[in-house]
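Given below, in the form of structure tokens, are the structures.
Look at the two complexes coming up: chain A is in both, with chain B in one and chain C in the other.
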Partner chain A sequence: MASHSHNPGPLPARPGPFGARRTWLLAIALAALWAAHGLGVTLSGLVPSGSGLNILGEFLGASLSPAWDYEVVVPEGTVALPWKVLDALRRTLIFAASGLSLALLLGFPLGIVASTAWWKNHKGARGERFHLLKRWLNPTLFVGIRTGIALLRSIHEVLWAVLLLAALGLNSFSAVCAIALPFAGTFAKVFSDILDEAPRDSADVLRASGATEAQAFLFGLLPRALPDMAAYAFYRFECAVRSSAVLGFFGYPTLGYFIKLAFDNKRYHEVWSYLWSLIVLVFVLEAISGALRRRVVVR
Partner chain B sequence: MSPRALSFELRAAEIVFDGQRGLGGLSLEIHPGETVAFVGPSGAGKTSALRLLNGMQSATSGQVLVDGQELAHLAPKERRALRQTIGYVPQGFGLVPNMRVAQNVLAGRLGGMGFWQSMRATLRPKKDELEEIHSLLLRLGIEEKLFQRVDSLSGGEQQRVAIARALYQEPSALLADEPLSALDPSRARETLELLSGLAQERGLTLVLSLHDIRLARELLPRLVGLRDGEKQFDSPTGEISDEAIRALYELESAGF
Partner chain C sequence: MSARGVNGASVSANSTSAARVQDLWRARPRSKLLRATCWSLGLWTLYAWFSPEIGLMDFLDGRRFSNLGRFVETELVPFPLRGEPLSLAALSTWVADIWNRIGMQSTLATLQISIIAIVIAGAAALPLSMFAARNLAASTPFENPSGREATWRRLFWTAISSSARALAILLRAVPEFILAFLLLAVLGPRNAWPAILALAMHNCGILARLGSEVVENLEPAPLRAMAAVGAPRRSLVVFGVLPLALGRNLLYFFYRFETCVREATVLGMLGVLSLGYWIQDARAKQYYDEVFLLVLFSVGVVLVADLVSVLARRSIRR
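Let's turn to the complex of A and B:
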């Protein structure tokens, strides 16, 4: 390099060894150590006891040979195990699909009214009807909706299941709601984010050509967000299937129920029949929803 | 022919962005049926000046008159009615890429429609609507694209869809922001000829913002030179000297 031409002068001040980022990382690491100490977490807790080791070995050993028939004698007339597994899969899918449909029904409109893009253009411009009322009421509504959505999704579906089971009893509707409510909250949150990040130029042109704010939103902004919303909904279906399977542990007739029953009776090979079928189902759904996601994406 | 072309007038219109002046008191008159282009280097305020004319940008001070009415004094409903008579082709086209060409063109007329009617038109366009769009596309040379998704079209084709949308509005004036920026030189000439031809045919007032001065001087009758938000000249193209053009685009600090 041409080091002779200019004297570059002294270096700019060098940052100290304890910048903000390092300090934060150190603080987080210390907090983790402190929490582990407080909870009495030790490495020896990871080593299973003798009998636990046996169960673990037996259980994992069974994974390679899932049952094709019942491991114990069953009453005359019981359906063959593969059919029972398929039926459990079917029920799992039905609960997931119902829960997700209801979640979409709730989450889609909630997502729209939770987006800042919606309210930004409904803030009560001068000359509009009821503009003073709107100016006061709209921010209140917006905060209320956002809070409601946060409540919906801050409670996990398993907790919803416990609550609804207590309130409504063991019926299909309570299971569907247990999936639908937290999923609706997540949909509303993610949909509103997608709407707020969607390009605004199409809505802008509509406004420029004399369309109302509602038209600009519905025909300019919403179509730009729909592909991402659809892709997210496909992805959430996989999550709903897993949640639906887990809800079986509370007694709903999905995969979880049969897994728990078989596990409690130490019929590990049957457990693996259900587990493997769930794994295959999730893989198949992933392939399908991946293909659908690629189709809806905007080139 | 549209009922009657629109006139525009700016009176000392000024735009201030975050304390910085984007456009200094700009005054000019654009007569009905006239074709005018704002020219100048990037950042000169061409787009802002153009967007003043349909009220997409409001003036910090000064007045904007369209067809003799002051924009700032219009109620939202009156403003919408006025905007329905002004077609706008923005620089990025503002199309919905995941919808079909027909739906995008139809959007030009949503302004006058109620909620259900706009739903119906977007989701299930009628035969006569499609025929009208088809003949517009035919004029623009992309009639075979009627049912294609916009994101499968080239940049030039997309621009024609945006022009078709503005024309479907049956406007009395057309505003086009940098309509040549995405095109190669031969396409640029073609597009500028197309726009001014359309304005002639339909008796529209046409206002453009253009970066490319050469084509503007060759094809357009009147140019308004802007630099750093200030008007440098405003005259018939024939009267603008090479010197004035050079000064318009000269780099600020030529002391390298």
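Let's turn to the complex of A and C:
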């Protein structure tokens, strides 16, 4: 540090007028103009009609007074609203947890075989069997796996739900798979990126002291990547909760189902009971995953 | 990391290597929060699989797979090919017909909706992230020594940064789909604004949070120096924070753009003229071959957005 104060050296060259950032900012502005023109949106579309304004007023007016009891007469023996809201939350969390666990089960191995670190051959490493396995699973398969992962994650969970609903019917299987398939694709992609960016030092040391490649991968590389992977998985749980809530719009008994039902029947206070419970849930999950990230991920 | 690191005092100077390994194992960093979260999530997952809603036994019913087979073999087969031998000519006329009739226009609309949405989100998130950053929106920004520290000023700035954070949480906690559903009732159908606004609000919440973390993680020395020689907050933002934070913010912008395109497809199902509109239309008619083709179009547009996003991020990071 001290040497710097004596000899600061030449300053880094100033980027030209068309550096990467400026070029991309310009591209964004042009794309926005093209999009606004092509879509034909005007600011007048933002002004609600008379009935829309009424709905907006009533709906926002209800935001600070969520319902604690039903707004309409319900048949004898219906459970109290707070319990119904909690039950909707429970179901939302059930689909989120089972979908996410299945996604981890599929995405973790996929992520490992999709990482370049897994396919790289190291000079001087032992472990013939592992080499054979890799030669057998040749690079064409690597491209195939990557394509499959891209397909899995570029289809939105709702579109998966639409396809699976038609194929399997309205049941837990289609709901869980609708969450698990795209999330598995995302896990695979992010996990393979994390593995490729993880520090290689421990794996190199193990390899230099005679470990096989499988050992170097399992005990050298994987442990360096696991904290990041775990933090990401926790973050994705929050996303799974949101997706699970949205699947309710397609008939599954999660939050979205009750939100749609209450809104269509203009029971806005009840809508807010469900919305606030979702907001609080997301807030709590986010606080936990933020705290975990700060503890687990060493930077 | 916990205070008890690997090199902490609890590691005794034991001579045998086995005992040394054991000492290291005992002194490994541990987090109670991590354990508690793992346990509760694990138990909840176990409960979920065995709950009556999922019913593990019912889950793997053989009937399901025969249904799946029937769906793939009959309903997913493109209409002109049903009961006919595979002919590429018939297939390509079918694809071209759907592409020309609805595909091209709605794929473009999907892209346009997401571009407008992410630009609005980014533009709104930038100022919001400044107010949400705890080190900038403080009574003495970047803890510069010349700042005036009065209790009411501190409370004032804490209130500002907390409410900016609360606003960002409110915006991102509600999924785009639900936001669009609510906005559609207000703004009316066949109008792209409900989808644009829903995407913009949700992503604004996310970008504001990420942006405020960028500001909080900035190297404070140059900003502290600016503040110490008397730069007011607005010059700090314009000449210090913005140039330093722009790169990372652009990375996040393009990362969210990709998810925006994915989401814009689906929002059409509520009645906005993106790909989802025609997916819902074909679904109502039970034309599942058409649904599948439109889903493939959506894959195409998502992959294009993905490519743009990767290229942009690579060139910005360099």
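In the analysis below, the second predicted complex is superposed on the first by the 251 of 299 C-alpha atoms of A that agree within 3 Å, B and C clash if a C-alpha of one lies under 4 Å from a C-alpha of the other, contacts with A are read in each partner's own complex, and residues count from 1 in each chain.
Keep this in mind: a residue touches a chain if its C-beta (ideal position, glycine included) is under 8 Å from a C-beta of that chain, and two chains touch if they have at least 3 such contacts.
What you see is a predicted model; the values in this text were computed from it and never measured.
Chemist: Please determine, from the superposition on chain A, whether chain B and chain C clash or fit.
Modeler: Superposition check on chain A flags a clash between chain B and chain C.
Chemist: Tell me which partner A:Arg224 touches in the superposition: chain B (first), chain C (second), both or neither.
Modeler: Once the two structures are laid over each other on A, A:Arg224 reaches chain B alone.
Chemist: Just to be sure I read the superposition right, which of the two partners does A:Val73 touch: chain B = first, chain C = second, or both, or neither?
Modeler: neither
Chemist: Which chain makes contact with more of the residues of chain A, chain B or else chain C?
Modeler: Of chain B and chain C, the partner in contact with more residues of chain A is C.
Chemist: In the overlaid three-chain picture, which partner chain does A:Leu64 touch, first (chain B) or second (chain C), both, or neither?
Modeler: The answer is neither, since A:Leu64 touches no partner chain.
Chemist: On the A-aligned overlay, A:Leu11 touches which partner chain: chain B = first, chain C = second, or both, or neither?
Modeler: After superposition on chain A, A:Leu11 lies in contact with neither partner.
Chemist: Looking at A:Leu206 after the superposition, I want to know if it touches chain B, chain C, both of them or none. Which is it: first, second, both, neither?
Modeler: A:Leu206 sits against chain B, while chain C stays out of touch.
Chemist: Where does A:Val158 make contact in the superposed view: on chain B (first), on chain C (second), on both, or on neither?
Modeler: Once the two structures are laid over each other on A, A:Val158 reaches chain C alone.
Chemist: In the overlay, one of 135-143, 171-179, 189-197 or 207-215 from chain B clashes with chain C and the rest don't. Which one?
Modeler: Stretch flagged for C-alpha clashes with chain C: 135-143.
Chemist: Counting contacts the way the document defines them, which residues of chain A are shared by the two interfaces, the one with chain B and the one with chain C?
Modeler: On chain A, the overlap between the chain B and chain C contacts is residues 296, 298.
Chemist: Within the complex, which stretch of chain C touches chain A?
Modeler: Where chain C meets chain A, its residues are 1-2, 31, 33-34, 37, 41, 44-45, 47-49, 51, 53-55, 58-59, 61, 64, 67-68, 71-72, 75, 108-109, 111-113, 115-116, 119, 122, 169-170, 172-175, 177-178, 181-182, 185-188, 191-193, 196-197, 246-247, 250, 253, 262-263, 265-266, 269, 279, 283, 286, 288, 291-292, 295, 298-299, 302-303, 306, 312, 315-316, 318.
Chemist: Please output the residues of chain A touching chain B within their complex, sorted ascending.
Modeler: For chain A paired with chain B, touching residues are 125, 127-128, 201-202, 204-212, 214-215, 218-220, 223-224, 226-227, 296, 298-299.
Chemist: How about chain B: which of its residues touch chain A in the complex?
Modeler: Going by the criterion above, the answer is residues 54, 56, 75-76, 79-88, 90, 92-99, 107-108, 110-113, 115, 118, 122, 151-152, 162, 165-166, 169.
Chemist: Residues of chain A touching chain C in their complex?
Modeler: Contact set of chain A toward chain C: 20-21, 23-25, 28, 31-32, 34-36, 38-39, 41, 45-46, 48-49, 52-53, 55-56, 59, 91, 93-95, 97-98, 100-101, 150-151, 154-156, 158-159, 162-163, 166-169, 171-173, 176, 230, 234, 237, 242-243, 245-246, 249, 253, 256, 259-260, 263, 275, 278-279, 282-283, 286, 288, 291-292, 295-296, 298.
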